[in-house]
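Per-chain residue numbering starts at 1, and chain names A, B, C and D are given in the order in which the chains are listed.
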């Protein structure tokens, strides 16, 4: 195992021989049997299984299986050959196998706000999220010292108004591409172009400071105050080309009242934002999230 | 006291000499002093007081005071004369005094759904809401038997498509006008015209089956399923001329997940709807809600 | 199908060929494979599967599988023969198969409180809980009219102080035995003897009006007020011989504050009690609860 | 203003002329009038007022008033003279006036756990809690670097088993006495003797990692796992001589299930602990908490 893998493995004992198998596709009889039989034949023991079909009369099938396979690193390739044959060829399913001790490489983009970024870094330091953080990129320098105190590289990529906007974005893509399995926008406030997703080539999770689909776009706390809502919220979602429209991974709310100013909403909302983003990143890193059209299956 | 007053008084002991004073208007120094001094002079003892100013540098002032005045019914008129002089004339405030033992007359409009209506009638029967229910009006007959089992009159006013729509609405206005202090739309699904509010002449509370401002209009559960939200909600609000835009009184949410169909969302949502509507009606009947522009102060 | 089965089947469409298979016992490799392969061989299609092992290094295995089997009633016996062979004999597991369209017979015991009882009867009437209610038994007559308005038989079995206590209990056992799959104590306030469980011979679910293990025994709301807690709760649990010590199925809380009297706690708590009990009864009737020692697995 | 006062004043604008008046004692008519009239006479304008009487027929009276007084620092003494005459002498009430721009000096005791301590320091750094942190004291050195990175002094006072225990405690008392308005035990795991409260001479807030009164004492997460509860919680309370028995300030819970190990409960519980402790410390520092026997009034 690499050093990172060892860190995760020691914080979350018993994971070194565990793997997660994700399977999805058009439902048909026999998928669960195929998966479990193949695993059993390779000497794997299933420790957790969640399965869901969205339409019992022929819809989409989703399954997440966690299993123990002795000498996982050595024996996994042979298992994967059989899984491709059974799941891929015979059943036409999409599948993916990850080793629990292999953390995901998560690059975080931040602006000035510290609450979401720090909560992620701090949970990571406690070994609670199976991820490494290769770097933090920010268009401000405010967080440089905090980030580096975690032993994580910090890069300042300022945003420039006007035509040079793409230059900053290209710089970010250059830093990220090939170095990340996931990009997290932790209250990163710059609008990214349509080309960003293709540029980085990995999923991007954003935290929007409202309970979507309410208050899309800028200034949601101010809008929430004006509308006089009694709850405010935050939403973590996969980024798509349409602003704030991507598949929702997690949401939560907190109660507010007439005495809360827009500033109070912002302060209270910050704690929901960091909690929601951290849960979403954890779920993604634990392979508990499957994208299904405009929605997500979260096991 | 009337029979209804006695019922409320016995369910909520100690209220027969209690009153609620609501005061609001442009903030200025001395309002709290004026209210409390006047009450003290009349021998009233304050048992609860909530006060809020929305801008310390000159905004709107709101206060709700609950007090005990021995022989309230006899002594209240003299107190009200002084309150009008001090609050109305001298300080330019709007004020309203209600006796806690005087329940509000609440007429409920329902369609086919029973959950919101029944929860209100149960809570009323348990003496938990200081209201009487002069009648229930519905465009369907499904709820007739249930309503009458509570000893409450039920009127069937069918909705007719097309030009005769106003005839049904006029019939409702005719039944309501002068007989209610509040109208509650308990999942009453007919769109009411702009003239309805003027017609009934009292506040109207509606329960919308989404977490406003998300999913305005029809089919919010279906829209929620499509958007893939992880929480659904309900909102109780005062009705204004714009659909689903009125001041929000109360909201709440419940967690849902990928396994919930639109039908499941509807079933789970029903329990949030009834809880939210009942809380809102209770708050209104206890004079804990003050409308302030597009928002509400809820003490 | 019987009439009751038809009622459930029409309220929850698509269930007539669905069944639930519960499997649990000492974990060992191959159980999931055995279950899914056997099901596949009989032409069943799995629509939902939840599996959990409490200790990856050899603990207890629990699985709940929902599947579709064409002509379920006709084909189920043959499937069950194979399941006994594979699960019972070969793997030493305990298993149970129920048909989703077969509602559970739930007899409810109540005292004077109406909130829990009515919520169950009303959810049942809406077809939301796969159960029939053969009768309601109460030591008071207050609820007789309400219960009979649902078309359900009501029996008054008064409690008698002293030595005759067992006579009432024996009367209840006589009414219940053989007529129920579950007994629900819906704020039934009489203490039942140790012999009651054996007497009725089916599981018994009770709702305790506190957040266990806080405030065991009588007067929990008064104790909660004295302790000055900021949340009160309710707990639904399987009854065992020790008062309030049985395995917890569901719990929830609601926020309270200094202004709430013990009476207010009781009123607010009632809504948590009915919600928690209804969720627990629903989970049990949907075969989502497996007892595991002092705890429950709730899928 | 001092430097600390300036920091708080700039983070929470508009506070430099604001003060909080707390009044409590045996209820009698005229208290609200006396307070508001006196304030008005001194040119103060009330911006928020919460009042509560626990028994309308003669109980305890509690009031919190926030007001604006131009040139507060200059004019406050004269106001306080009148308040003592009116409230102290004439009405026999206990009263306390604090200036909002004067932060409370809060000394934090910690052991190895970082989550509660760091959340307090972060919120403090963001200017969200009106407090200064003169020092952090810990029986371990783990948190030294983090604490000092906030610019806060860190003192290591190791715990010694046996007779020398009082030596460590005396050292802490020596550091605290005269330097704090509040002591916070942020998952400080050493049992403090009965003499500690007298020694430090200020209130002490502790966070207990369970939902009191459930699971008093050590190992609450392990006990929670054994009992099979479906919610775990945390409680912030004032420390008294009886372990975990002091007046509760704030509590909250989070949902857990059968799949959570005792370690998972500990991880999930940590986020409730930090949230609850931070809310309680904020409420105390904003003078929103009044101790009333075994309970607290929290405005």
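What we mean here is this: contacts are C-beta pairs under 8 Å (C-beta built on N, C-alpha and C of every residue); 3 or more make two chains touch, one makes a residue touch a chain.
All values reported here derive from a predicted model rather than from experimental measurement.
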Proportion of interface numbers common to chain A and chain D (over half same, under half different): same
Centroid comparison with chain A (C-alpha atoms), farthest chain: B
Chain centre separation (chain B, chain D; CA means) in Å: 37
Multi-chain contact sites of chain A, meaning residues that touch two or more partners: 48, 52, 259
Touching residues (chain side chain D, partner chain C) in the complex: 52, 54, 211-215, 226-231, 233, 247-253, 257-259, 292, 294-298
Contact footprint of chain A on chain C as seen in their complex: 14, 18, 27-33, 35-37, 39-40, 43-53, 56-57, 63, 68
Complex interface listing, chain B residues touching chain C: 48, 114-115, 118, 122, 126, 128, 149, 259, 267, 271, 275
